[in-house]
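Questions regarding the structure given below will be posed in turn.
Chain nomenclature is as follows: A, B, C, D, E, F, G and H, assigned in order of appearance, with residue numbering initiated at 1 for each chain independently.
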Amino acid sequence: MDNDIKLDLQRAARIGFDEAIFCSGKTVAHIARILDQAQERSLPLLLTRLHQTQFTELPEHHRSRIDYESVSRTGFFGSPHPSRGEARVAVVTAGTSDVSVSREAVRTLRYYGAPSLEINDVGVAGLWRLLDRVEEIRRVPVIIAVAGMDAALPTVLGGLVPGVIIGVPTSVGYGVAAEGHSALHSMLSSCAPGLTVMNIDNGYGAACAALRVLRAIGSA
Amino acid sequence: MDNDIKLDLQRAARIGFDEAIFCSGKTVAHIARILDQAQERSLPLLLTRLHQTQFTELPEHHRSRIDYESVSRTGFFGSPHPSRGEARVAVVTAGTSDVSVSREAVRTLRYYGAPSLEINDVGVAGLWRLLDRVEEIRRVPVIIAVAGMDAALPTVLGGLVPGVIIGVPTSVGYGVAAEGHSALHSMLSSCAPGLTVMNIDNGYGAACAALRVLRAIGSA
Amino acid sequence: MDNDIKLDLQRAARIGFDEAIFCSGKTVAHIARILDQAQERSLPLLLTRLHQTQFTELPEHHRSRIDYESVSRTGFFGSPHPSRGEARVAVVTAGTSDVSVSREAVRTLRYYGAPSLEINDVGVAGLWRLLDRVEEIRRVPVIIAVAGMDAALPTVLGGLVPGVIIGVPTSVGYGVAAEGHSALHSMLSSCAPGLTVMNIDNGYGAACAALRVLRAIGSA
Amino acid sequence: MDNDIKLDLQRAARIGFDEAIFCSGKTVAHIARILDQAQERSLPLLLTRLHQTQFTELPEHHRSRIDYESVSRTGFFGSPHPSRGEARVAVVTAGTSDVSVSREAVRTLRYYGAPSLEINDVGVAGLWRLLDRVEEIRRVPVIIAVAGMDAALPTVLGGLVPGVIIGVPTSVGYGVAAEGHSALHSMLSSCAPGLTVMNIDNGYGAACAALRVLRAIGSA
Amino acid sequence: MDNDIKLDLQRAARIGFDEAIFCSGKTVAHIARILDQAQERSLPLLLTRLHQTQFTELPEHHRSRIDYESVSRTGFFGSPHPSRGEARVAVVTAGTSDVSVSREAVRTLRYYGAPSLEINDVGVAGLWRLLDRVEEIRRVPVIIAVAGMDAALPTVLGGLVPGVIIGVPTSVGYGVAAEGHSALHSMLSSCAPGLTVMNIDNGYGAACAALRVLRAIGSA
Amino acid sequence: MDNDIKLDLQRAARIGFDEAIFCSGKTVAHIARILDQAQERSLPLLLTRLHQTQFTELPEHHRSRIDYESVSRTGFFGSPHPSRGEARVAVVTAGTSDVSVSREAVRTLRYYGAPSLEINDVGVAGLWRLLDRVEEIRRVPVIIAVAGMDAALPTVLGGLVPGVIIGVPTSVGYGVAAEGHSALHSMLSSCAPGLTVMNIDNGYGAACAALRVLRAIGSA
Amino acid sequence: MDNDIKLDLQRAARIGFDEAIFCSGKTVAHIARILDQAQERSLPLLLTRLHQTQFTELPEHHRSRIDYESVSRTGFFGSPHPSRGEARVAVVTAGTSDVSVSREAVRTLRYYGAPSLEINDVGVAGLWRLLDRVEEIRRVPVIIAVAGMDAALPTVLGGLVPGVIIGVPTSVGYGVAAEGHSALHSMLSSCAPGLTVMNIDNGYGAACAALRVLRAIGSA
Amino acid sequence: MDNDIKLDLQRAARIGFDEAIFCSGKTVAHIARILDQAQERSLPLLLTRLHQTQFTELPEHHRSRIDYESVSRTGFFGSPHPSRGEARVAVVTAGTSDVSVSREAVRTLRYYGAPSLEINDVGVAGLWRLLDRVEEIRRVPVIIAVAGMDAALPTVLGGLVPGVIIGVPTSVGYGVAAEGHSALHSMLSSCAPGLTVMNIDNGYGAACAALRVLRAIGSA
């Protein structure tokens, strides 16, 4: 089945992203073959949605080359890109349950050399927690706002700061919130002007969007 | 078809509400027959969703007995209940497009003798507009919060004031907001504790819920 | 990851609710760290959706301080608020399968010092079971009505008693009832005037809404 | 386009129903051609969803042969089947807005010679209106229960009477009730045992189902 | 928690059905307490959705009194009603995967003393399998038609036989068929006149509906 | 705005289809400009979803060059492709209301020179109407089956004939059938092997799919 | 009702956007009052979703001050912001039916002084039309990609160019494409890394998002 | 329960397909009984969705007669049909996660004697991977295009090659892509003319559709 795998080696040249491997639903054997191919070509790789059990079952020689973080379920295979100075992206969450998604964004940014400012648990049901941090958030050009349920955080932020806002709805919650569609629709229909939105739980994509902005600015 | 109509005359005795007539989808002839029956029994009636054209086409002797308000599409047939003192309910909207719904609540409250405090256009994308009014809102025991699209207003209010909050999602908006399901789900999945919710655009129901609370308090 | 947790200590002052911890989806380690923080500050906490297995895996010194109830999956960490006299809230269920949700409401009320009257298994397919209890229900100012499937219970109640009614749809059932949307929509579109509704299975939220009413009345 | 029309002449022999013509969405010219074919063969026809304007625009020689009823939008072309004794079907509605649907059932039954008992506006939010009529309803073997919104009527009936119950959800209402899916799901997930359900607004189908039962009984 | 259980003992008198216990989602302890109550009162009970593992974990003294059938997951606790002559109901399935649902109907009928004719695997994609059995099916007054996916079976039957047809959509299938909504909608929008429909997978309800018809006929 | 229009002139060379103009939602002025461009280049065009009123409002010099058919709302601008022998495609409908969709397929085929066999009103609720025509249908290699509501027609056909079957769900019907999703899901989940499906009401697309097959066969 | 209107005058200072007036659903009288208020304060305003008929019915003294464009239904009331040099944003559409949405983005950008590059009708079903323009598109830092139906355009672009991509799904199409949810979901689940998405038909929001990026870059 | 199974032995004669056994949801005992019946009649069978664990638990004498492939979860029981020359079908996937579905198509084709050309991982976010293979794909008359998420692959293909295209959406992905509806709707609303679509994950059905085409061509 090795001919099923085609690493898109020109991608970095074309759009500036190395290939990332979405591990959810892949067998450990399949992931191992991808790592073999990357190793042969001395390619670093970003692994996303790599569950703890998948990581644990990888061959030792692969596992030892991976910098794994369990909250975000991400792994850096080989060396990530060198870090470029101070944080230009804020990654903000509404609740502690959103951290697995926000951390995926933080780790993806770090892999591509972009440090970020993490601000957690500032949902608008306790408004002062957010207002205490607004000045800090205003100072960065890009904000990733991660929230589930009513997802009011990006709307409030969008009315307070002029930066680029990338909303990431999360699948946190139950009842009508289950699966994140409620949060997604909330963000898409926000009355704050110019809020952009990602797929549910897509921290990786939000980081890539932020990187596209940073490159346009000339900071990445 | 007169035997199709059965005014529930015991309702007021049982649960404290006169019968209200939901006019949308009813023919003018049908509404006129209901008014005839009410007049015979000297019953006042609250008419909701009475479109301007329906009102205009009613027989003059009915029309002259109706206090009609076109924004809310409500009519008072006969004398409404006498007003009881100061406002104990705040009716708050996120945007000017929500006013047709909030006004239905205001008019229903007025019909039952409960004055209310109207605060419009304080959606959270312009947060200071709301914060300027929070102290005023804190002073009433019941708040009806009317909002469409992302419907973040009741969540923010729910974290700021201790009163009873009744959220009314509106069908304002387009795309995923169309029809109000996005606002409804946002309110239902709010992280503010103890927020209650009504059907989309149901200003009448919100007022009835507020009246149930006022009666429990002993103010209505 | 300790900086991920921000207990909202001002919440009680602002809106009268201590922070409650929604445990579903949180790791045991995460819950334990929250309990550590609460213990340092001598804060009592209400724990909701704390599964039996999560409870069992907590460190003994935490577990021994928790009053745990398995049907509702709630725990009181530290001392709950002192009880205030007689029951002012009725918590009514349509079927025995709704009890895990109704019990969450009962326990939340008890945590905040509000005793309640539990009436179970009085769904309207066996109407006399409900009619036998109506007089008892009429005597309290607030009713939490918990029902799944066709969720006709709150509608029938809403036409029989004048009190505040808070409907809680449950995810009981299969086919079109699965996940509770059928019950939710039934309650939202009820023809009984002034019925308020919570998210599916949200017994905790219903209790908070009831507490907001009790406070307005001056009983809590 | 005449070869587009194929009256199913054997249907009555096979399953006991003449062909009925669903007129909604058909042009007046198309309906007229169908009537021409029926007239040639001396076939009576039941016309359903025939809007007032369609009826008015039909050629005079067709119109004069149609017994038209505007609430139900039904027409009898030619002679309906002779009536067979007393009413064996009760057609019960929750509200006056449901009458256009219930009347379609009543008229379809009448076309096939089955008189029925109409009981309107007995929705369960005003429970005593229904309880007053229960004994009457118990005496017929088949009940068609027509209701929109929360559609609690058939559930309550199903727990009170032993007869065959055919629920017809209606598209009455707004917000989550709009289009009748809320009522449909409510009926399908009813806890009353043995409730059967039709498509939204399908009064015609409910009558046909009732006729199948009457035939099995030997009354039709 | 024993006060959570209220066996509806008058149900049989009122509508002719003993109470049935829906076991899915109930703990084994809960089911055992219900059986204790039934045993005290010498009541027979029908148990539905009783999973093999639940059955196995019941106390031996209960298990020995249960006639359990694993395909339908039904149990008869105590003696079912005596059988009344020949089969008056046909229970027909489209595919072998629908048998767990159809068998629930067959077993419920048997519990109430009504034998039935089982005809399996006659879906219309292999039309002759069905046509071979049509004459047999025509001879009974009530047909329960069980089908998933496109659920064309009841439509074809509805055009071939004059009896009462009760459609039961099943959750068999994947993709758009998953969960049975596709089959449900197919049956509800059938062009065969007078087809009635049950909730997805509701074999028990279909049997109850059939029993209501049989009683009207005077055969049950 | 002329630079908004880019006729894809290479399309025919690449995939064998001239460009077709979907007129729904386009202004008459916009359509006229497209026709101007086509006329300059002496290109024939197929116009779909061209409403009668749009057609009537086109400039006379365009209108006179269009062969318009009102049931299908299609127009041939300039000369269609020459006809190639006998019918190799059957276009079959379940009901007369499906003809506007099936006729769009018939006209598209004719535009591209492929005559077809039209068979209307053979829905499976009256099975013998279909069985009478099966032998005729078996003789063509491609069948387009057009049906709304329960859409059982293609499933039955798929079990009777070996040819290529292209199902087109239609938006005919009301309640759960409204908008055609019920028919679409029915076709997609059909148990007949190898049934392919098009978007709702997409007669044009079905014809294009048939033409791709005819070309593969060498008949087009 | 003038107290319903609260122009958010601090918005520009806070987040850099003047208030825009969403005119859909507002009465002409309401819009006129807003313009009065703006004129008193000498504020320019951007009007969106201003239908031709609304525009025509405005008082002449307002109409003469509005630069109206009918395809996008936008109006500039007073002087727009001065233009800042060359185009830094490309606005790309898949089909000519998407132009009403893309033009709203173009006009919003122009109002805020940002010229843009319009590229229309380059949907990927005719791939070469897009590939011909890719080099041009690569040269700008921000791309707004507008597409309905399958909405494959932004995915293909996202794999070809490194810039910031803002996808706008449109409600173009019928059947499953109707209302734009199909296009929305397609964009949200795109496999191209870092694609951001707006609500359906939200050209205005896309332009605001682009302006946030341009400001971060220092070009706006 | 053996009478539940009715192998449709005439199916091959009628429409050219042996019966295939869909094993998902069937017990191992049930599958074994089907294999017994097939063996008695010396019938070969295609087994689909046969999970590894089901296969492993089959009796050894059945297992040894099955050619099992684990990625596609298919088994050939007995001898498949002899192979007929060169590949006339291309089976193309967008990503490696789609291979379990595409392989089901490949294996079904092989069972019926039709070799196929597998081309994997050529999704359009990396467009050149696809363009490199287009000439190869153009040479076969039938293409099965398998893709999840935005499912842009068949649209791009449909604009590049003239062959018959059968799209198979897959349930790969998360958030709005979860369950494959996003991919399904994308394919159904594709702007490429004449694209046909199968149910989500239905590789088997796609192969059957391809075989219907090959038979029409005379290659199968």
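Details
As a convention for this text, contacts are C-beta pairs under 8 Å (C-beta built on N, C-alpha and C of every residue); 3 or more make two chains touch, one makes a residue touch a chain.
Remember, it's a predicted structure, so these values are computed and weren't measured experimentally.
Considering every other chain in turn, the ones in contact with both chain D and chain F prove to be E.
Placing every chain at the mean of its C-alpha atoms, the farthest one from chain F is found to be C. Our note on geometry: chain D versus chain G, Cα centroid distance of 49 Å, whole angstroms. Distance from the chain A centre to the chain F centre is 45 Å, each centre being the mean of its Cα atoms. Separation between the centroids of chain F and chain H, computed from CA atoms only, is 27 Å. Residues of chain B in contact with at least two other chains: 11, 126, 158-160, 175-177, 181, 184, 188-189, 193, 199-200.
Inter-chain contacts occur between A-B, A-C, A-G, A-H, B-C, B-D, B-G, C-D, C-E, D-E, D-F, E-F, E-H, F-G, F-H, G-H.
Chain C contributes residues 94-95, 123-127, 148-152, 155-156, 158-160, 173, 175-177, 181-193 to its touches with chain D in the complex. Within the complex formed with chain F, the chain G residues making contact are 71, 96-97, 99, 118, 120-122, 126, 128-129, 172, 174-178.
For chain D in complex with chain F, the residues that touch the partner chain are 1, 3-6, 8, 10-11, 22, 24-26, 30, 171, 179-181, 184, 199-202.
Residues 11, 14-17, 20, 141-142, 158-166, 184, 188-189, 193-200, 204-205, 207-213, 215-218 of chain A are the ones touching chain G in the complex.
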